[in-house]
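First comes the structure, then the notes that go with it.
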């Protein structure tokens, strides 16, 4: 009953097999391996973007920070949600890689940016002079940190506002696959067709050991990215082992299948928790994360049985009346067992 | 006959097995996995350094740049050899991670710093004021980029000079194992007993997919390193897959065995090339790299047979009289086959 | 009738005279001039801080950014008011000089940080790990950007909250003199006795051509500041011309006299505007800035007569019914003529 | 007898007068003052560059570092002489402002870059990949730090080499006026006609309190410079006091007159020292700096009489046989009295 993070799950056998298969003889280093050629072709095909520049790095923070740095100069701002991963969980990596840009924080329910908030922020900064931070770019996160999903139409709406101020758009897709299967659109519809310039295409949270793609739909920034990646220490010499993982991920749409498994488990969990006496969802469960509260008695039973998950607040405590609610964050992954969900729900009932 | 780089070889079966073994259930992310505890203990034991702070990253450039940044402030200089990897091959990563420090370049044969050159540089910078770059730290590379090895006594001599000016010492050990087995000393003798404060302990070039340890013999910088690693995007969520590789590397001294295989192959190759008519070594072959010249006829035969290796100069050409020499860099790895060495030598004979 | 900014006024004759007097023979460069010795002594005396480290730079943004960088590492946050100069008007200079720190924005009326807001921000960030921005320092602005003044007791209260989390405290005193004469305390009471570690002691807005002191009450950061100042290009070779200005500023308490003139003019102006039919202050007028609204008819009359000042909002317009209010920001300086204030008030009456 | 630095001299009366004249009423801040309009026009006229973007800052290090940052990205190199001010005397300011670029050091007599050295450096870096520092820009210093002057033809030759590799060219003209009157060409001939893209046009060493212009002959970088200047804390609010100084400097070619005075004094000094028994110039004296050696007896007599100047080496000593030579650096300024030169020469004779 592990719901602490999708970062803690293992990888499917196909990924191990791909690594083993790649482990023969010599391979060109630094991204010049033959598997990477296949990966690039496949990603271009998946995204219907034959000109896209495609790169692999090993960590989501690196993917995001490098992507932002290619578009946002040091004297400008990245507009993002107050609860975005780039703001909350990257220890100033965006500021580091951009050379000191500022993150301007926007509000909106379920960690989705309210279009009016974006509009207002950009318009009130409109007649900007040399004293003020300049308008740099927009960064969206899909799936959001609150487990909600922007539909491709919502992304397009926000992108259009950014575009009207000449801002490029980044999509942090650490959980892109989960968002995509939730929305039911195509990869192209959720990205470049919706105005996204650069995508952090996550693999790690959805079943890889540590591989994320950075996809530039306009390849103009490709060479700059290559230099930034190397200078950041994110260019792998034995790159084939990244390529192999991504290759397995894309093959036969494994990535979509894994995301569906995670989302399905989360739906089951969310519906079950919401149906508990005293149970309630704090955010809509669109993808693989559940934010819910239910009575302390159920938390105690689950914890005693060894369930692993985070409370929503750092200072939450199991102490307190048995029937008072306590909020939690639960994350399902491709490897979450339906039986574990059922067992957890039975315990949570108290 | 692949001698282009040790970066291009595969990994031994033990590493694949360790990854597969680690691929079960859930593991704590971000370095809190149980395998990392074992790796830390083992590295402390190997280095006779029970207090050492031990971290893993996935690339050598990251290991070096992060280690330097912990000791060298932005207004200071890293003293290193003109041919050091941090100067030649990291696209300003040290400057990036330190926030703008300067690399002061020193000379010395076979990419080893001449102690007199270091002494002179530090003394001539002695009465330094606010206008000048400050003295930051010393960075050594062992095995050097010219394939030579500093003995532990030579490292101690250079460290003592640095120490006399209050400079900490970094050792770039991307090929540490190769240097160690060449020198025949203990890991402690080549590092902290010789005055080294922080070590980039390479795994990738010696048989891992992409794992390097950073070892601080004085743990005072541990927390700062953790923040810098995260901020640089080099903290792995599914860290267990790095741990597992390093675990296999250390088990039963696999790392030393792999390095010996590479060094032995290189010795065989070096001696054979030096013995060719018109053959000559350009640097002593101490570890797993060979710098040699021999007549063009032999190069042509080798290349035609599919041998892969770099010429020593970017504008070198096979064109020219058959008996004129051409210089090359050849790198052996743990996986270099003795038969390939012999075959190559036969071809190089022309 | 110039109320656009205290940045636009001239300098008093004493400053010109001091520069002329300093303009003889040769003087040691880079802050080693004899006048600087006098300035340092005098500032230590004024602040009752015999150990303080005292430096001059020529611009307030430089003073602030350099001071912050000495205390806030790149992976940490400066806590400041949402409307602080360092956030609003320095084009990411704090981010640049700190190497990528983040500004965490707090609320509070009249651009003064609400102690509860600070407390909450620090406590909710309490169990911080490596993923989150670390707690760096607190930066206060006195006089605030809304013209209010923190009393020395209010500063002490905020500093105590910061201290409880081991945070050092910066005071942006671009208008320190105006705040000081408003509060009526001593320089020591408003700074180190209230928990301030480093002060940007403004001169430019209060009658100098371009000189600010940075005062470290604990000199531990002195050498680091000197290096940062030089590396930022803010160390003057002909430093005597900065020293001479500050010397004149301090002599016979000219700085306090100038601030009193500015504050008195602003009080006159504020009371007059508040007393207009339809007139109202938007913030309390504690020092030399007035935020007020009054009917459009009065604005039109003042503007037609050549009065210079900013509307409070970038998209404000004189168009509209004559009796509808429009908000403005008016700044008095040492050189504001009482007659100009009276004339302006007469016009504003409409 | 002050020959320690041109940084230590006073300013001519015209500069004081101009500041006093500017000290009336209110002036638009941040470079929007009317005097700046005149300065811009005049500099465009002087340089025959009607499109040039012209800015003022207060320190040479700031002018250089900001100018370099506009052209050299963080992953690239500035090619400069080993003895350049940007390498030797700016405490890593270029590295700071560029975000971590590298200075590649070239050789050549008298601190002038040998064209062959530049050519070799650029060609050997030619087939550069992502691992290596990229080719960023060329920076020349005129007058050089060894007192020599590049003729405009020499500048054109070096620029042409840079251009052939698509490198822009910066000219550090902290002593531009001294170089110009030495060479006898026009300002345009020494700059844009010789391939210079951006000039640090020095005023401080040649008679101003602290003003340097940065002149972009191609205005494409103008807005970026304005943002970098503000973000670096180098935009002056009371900008008119910088403008006034530069205005006086340009009026009636005062700048050329001052430079001639300094150069003439230096010629007198150089010839006198070279003619001493045991006297010898170490570098040609083209402008206002003299590098010479003469017997210790003469040094002792000069020092005892209060002469102020630096020895060429930090560890030089007056102790030693009276007839043994000791090397010195002597700098003349606009205010050097011919009588002082003669008196010094008489003393130096021993």
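Lettered A, B, C and D in written order, each chain numbered from 1.
The rule we apply is simple: a residue touches a chain if its C-beta (ideal position, glycine included) is under 8 Å from a C-beta of that chain, and two chains touch if they have at least 3 such contacts.
In this text the structure is predicted, and so the values were computed from the model without any measurement.
Just to note, of A-B and B-D, the chains joined by more C-beta pairs in contact are A-B. Chain A and chain B have centres, each the mean of its CA atoms, that are 35 Å apart.
Between the Cα centres of chain B and chain C there is a gap of 52 Å. As a whole-number value, the distance joining the C-alpha centres of chain B and chain D reads 42 Å. In chain A, the positions touching at least two other chains are 30, 74-75, 90-92, 96, 99-100, 130-131, 134, 227, 230-231, 235. If you draw each protein chain as a dot and join the dots that touch, every dot ends up joined to every other dot.
Residues of chain A touching chain C in their complex: 74-76, 88-92, 95-96, 98-103, 105, 124, 126-127, 130-134, 314.
Across the interface of their complex, chain B is touched by residues 2, 4-5, 7-11, 16, 19-20, 23-30, 57-63, 65-66, 90-93, 96-97, 204-205, 209-210, 227, 230-238, 241-242, 308 of chain A.
In the complex of the two chains, the chain D residues touching chain A come out as 30, 73-75, 99-100, 130-131, 134, 226-231, 235.
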